[in-house]
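Each structure below is given as structure tokens.
Two complexes follow with chain A in common, the first pairing it with chain B and the second with chain C.
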Partner chain A sequence: MKISQNIAISENGFLFNPATGDSFSTNDTGKEIVRLLQEGKNQAQILDAMEGLFATDRASLEKDLADFLYMLGNYRILDANTAQSR
Partner chain B sequence: MVLTPNASGRIPCTVAVSGLNNVDSPGPGMPVIRSLRQSQRYDFRIVGLSYDSLEPGLYMHDLVDKSYQVPLPSAGTGALMERLRYLQSVEKIDVLIPNFDAELHNFIRLAPALESELGIRTFLPSLQEFDARHKAVLHEYGQMHGVKVPVSSTVFTINEFHRALEVSVYPLVVKGKYYDAQIAHSADEALSAFYKISAKWGLPVLVQQYVRGTEVNVTALGDGAGQCIGAVPMRKLYITDKGKAWAGVSIEDPELMRLSAELVASARWRGPCELEYMRTEEGEYYLMEMNPRFPAWVYLAVGCGQNHPEALVDLALGQKPQAMNDYEVGKMFIRYSQDLVVPMQEFEKISTLGEL
Partner chain C sequence: MSKRTYERPYLRKLNAGLGNKFGTRHSQLPVTEIDGVPVASIMEEYGSPCFVLSEQTIRQTYRNAVRAFGTRYPKVQMAWSYKTNYLNAVCRIFHEEGSWAEVVSIFEYRKALGNGVPGNQIIFNGPDKSADDLRFAVQNGSLIHMDHLDELYQLSEILATEDLKARVALRINMDTGVYPLWDRFGFNYENGSAWTAVTKVMAQPRMQLVGLHCHIGTYMLSAQAYAVAANKLCDLALEIRNQYQHRIEYLDLGGGFASGNTLKGSYLQGSDVIPTMDDYAEAISGAILQHPFGMSGELPTLFLESGRALIDDAGYLLGTVLALKRLGDGRRATIMDFGVNLLFTSFWYEHRISPAQDYSSHHEDMVLYGPLCMNIDVVRENVSLPLLQKGDRVVVHRVGAYNMTQWMQFIQMRPNVVLIDTRGQVHLIRRKEDVQTLNSQELTPAYLEANKGS
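So, the complex of A and B:
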């Protein structure tokens, strides 16, 4: 699971994919996940990092993260070759 | 040809530009002129060439210095040459940039006489090159230059159309010879599209394989000797009901750039062009059209750091501009419409005297 090359994300959570020209807005949580992906973290490592930040159980967090990553894959923000290997 | 810089250190140069129809389906003339106005090396005088008294560019005096009506392409090369002889007796046009598909044939045929008799330079493809990339034969053109093009058949009669449908898979695309395209999901839809498009644009009509994907376009400039002088890719962000880009963004796509540069090199394309591709989910690129002129969004290339119209003037004047390899990704263009308020006298002048 790798984020596509050259994805740019601003302080405001505005994300631009230079390969497709698509742009998206995400909230602070999404911004943090994208930042962790850019650091090369895998799904389990992202989950570990997020767990301490939210007052929720790990299972819910895992489900929400999986949904978010699925969305990133659909929007081609995750590298096509790695989007399925989360 | 050597032009001498003026006191400001810039080279004075008069350029005639057509395509002043800056309307909802815009001609490239005004974006070309705006690009030329950005030049730091030339001091341009712009002569507008128009076909209609309501082309907005006629009235944009901050961009166009003087305008002249020219005969419609259907009047032929004789009438056009005669008009240009008159223009050149008044102006001193150094370079002419035609921007309409329909007028290019006449200008290509006249190019040698324009230069030898009137001293007007152009930088256009040969008639052979121009005809080779026509949409009716684009599939063969793609095969020749190693670019994928959707399979298509050109039909001249309704019987041929029915035969083409028998060997086609739905959905398919029915295309006019110059403009217009409709996707058909059944024989009934295809037949309706055939009658509608042939009534509007005449025959032949194209029946083309439908390619699902994202449309990406490239504006490029070839030096005619196998080098791509510049290229910028763009994805449309907002498309009008006429299929024109109302907003777009420059993108980073090395494969698209490689394909485009190789096509321009392989075809030894001479002059500007717009390459329209479809990028499939599988990452394949299909060339859908190759327009033999600047696109109406060429000003985006200037915003990205590549001034193609200025480089075209260099080429027309016999100079060799440096190839432009870099461009800024993530630059957007957004069109807008604005009312020009003009005195009736100006409309009268261009309508009756043919110049403004």
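So, the complex of A and C:
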């Protein structure tokens, strides 16, 4: 699971993929996940980190993270060959 | 360090292109209260889903309609359309306001009597009236609105046998320039059936033809169609006066006035396109007052049987998010604890739905499904809502008409219905059903009962 190179994300959640020219909007939680992905964290590590940061339960985090990663893969923000293997 | 507030992660692709002429405005503010009562407290006490009715809105809407017609026409009588919402508490509010009852079955008729409506203030409409129903209604002095000739002959026989007299009206259908033409109820004006029915009633010494009735359609977006209808009824009434020297006492223009809901496929919001009550009143009153029938002799009483426009705005459905999922094509799907079983009108309306708690500025498009294990259980095919999570509460607006009469006991039970009175007190007006409610109506043959558990 590897995020595409050169993905740029602003403080207010504006995400740009220079490889495709696509831009996206995300929220605080999504921004945090992208940051953790950029740090090279895997799914379990992201969950641990998020659990420490946000006031929610692990089950919700796990479910929502899986959905978010699916969307990142769908939009080619996660590398295609790694998106499948997550 | 305290943890940050969690909102599920969200990603939306930004598309450049033509701007949306309607902008990107979303569903305003969260609706946390109804008439000053917190939505959360209602749901905690009465469960989810739960229907809520606002007495204040019912009375205000009714009084606005009475004002609209009463300031334009001197003799107006409203008759509450029972089929639109026949919960007794609702009916009693309308009756308190001065409304008669308009019923279309003996079941509704008996409800009206039970709500204290005198028999002579009940209009008995509809195609299904048995001999017993007719006899009972005539004995009570009700107005019998005849739908077909079989009913006319049946009533004639009853009156002769029982030595009774009946005050009757004829339901007339007609072309008012709108589609679809509702010609299945009553007698057609254009093809002469209506006049034939008039001659048959006038030949009956035990029937007194006191009124002419029409109901030209539902959710009528043209007030002018009512002017056409009023003109045709006046033509007929004038012809009756000329031919028989007989006075028609009232014209009943029925109902069909639109509520502020948005019809599926409508380009604009419902509230932006529907005529106001004043528009309907102007069209109908103007037509009667300017017709030779209205200008000569005593004006007929104008009866109105509006249902939807008087109760829709007063009804809310409170519900809860059961689950979220991602569909095969990537769309977001949200599953609610209410569906088409309770929200029958979602088959033709795009109901406005508001979250009942604070939310961030982020919205996403989604399909809103109900809880039924049935593919057609879709509340909204595409709606933009905040990032709802399991357990979040929502408020569905304008559900007062038809949902509490056409609701289905399919898979799920019907929920509690509460009324918020004008002082902000919440009253349970219909208890939720449970398995016992249904089982109490069932009978198991003895031979199957004996095999129980074997």
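Please note the rule applied: the second predicted complex is superposed on the first by the 86 of 86 C-alpha atoms of A that agree within 3 Å, B and C clash if a C-alpha of one lies under 4 Å from a C-alpha of the other, contacts with A are read in each partner's own complex, and residues count from 1 in each chain.
The rule is simple: contacts are C-beta pairs under 8 Å (C-beta built on N, C-alpha and C of every residue); 3 or more make two chains touch, one makes a residue touch a chain.
Only a predicted model underlies this, so the values are computations on that prediction, with no experimental measurement involved.
*Asks:* After the superposition on A, what does A:Ala55 contact: first (chain B), second (chain C), both or neither?
*Replies:* second
*Asks:* Check whether A:Ile46 is in contact with chain B, with chain C, with both or with neither, and answer first, second, both or neither.
*Replies:* Neither: A:Ile46 stays clear of chain B and chain C.
*Asks:* Can A:Thr29 be said to touch chain B (first), chain C (second), both, or neither?
*Replies:* Only chain C is touched by A:Thr29; chain B is not.
*Asks:* Looking at the overlay, what does A:Leu37 touch: chain B (first), chain C (second), both, or neither?
*Replies:* Neither chain B nor chain C is touched by A:Leu37.
*Asks:* So in the superposed three-chain picture, is A:Ile7 touching just chain B, just chain C, both, or none of them (first/second/both/neither)?
*Replies:* It touches nothing on chain B or chain C.
*Asks:* Please indicate which partner A:Asn74 is in contact with in the superposed arrangement: first for chain B, second for chain C, both, or neither.
*Replies:* Second partner only.
*Asks:* Return first, second, both or neither, reflecting whether A:Asp64 touches chain B, chain C, both chains, or no partner chain.
*Replies:* A:Asp64 contacts chain C only, not chain B.
*Asks:* On chain A, which partner touches more residues: chain B or chain C?
*Replies:* C
*Asks:* Name the residues of chain A shared by its contacts with chain B and its contacts with chain C.
*Replies:* After superposing on chain A, chain A residues 23 contact both chain B and chain C.
*Asks:* Show which residues of chain A lie in contact with chain C when the two form their complex.
*Replies:* Its residues touching chain C are 15, 22-30, 33, 52-56, 60, 64-65, 67-68, 70-72, 74-75.
*Asks:* Within their complex, state which residues of chain B touch chain A.
*Replies:* So the residues of chain B in touch with chain A come to 214, 234-235, 237, 248-253, 283, 329-330.
*Asks:* Given the complex with chain B, which residues does chain A contribute to the contact?
*Replies:* It comes out as residues 6, 8, 16, 18-21, 23, 80.
*Asks:* Applying the document's contact rule, which stretches of chain C touch chain A when the two form their complex?
*Replies:* My answer: residues 2-14, 324, 326, 330, 360, 362, 387, 389-390.
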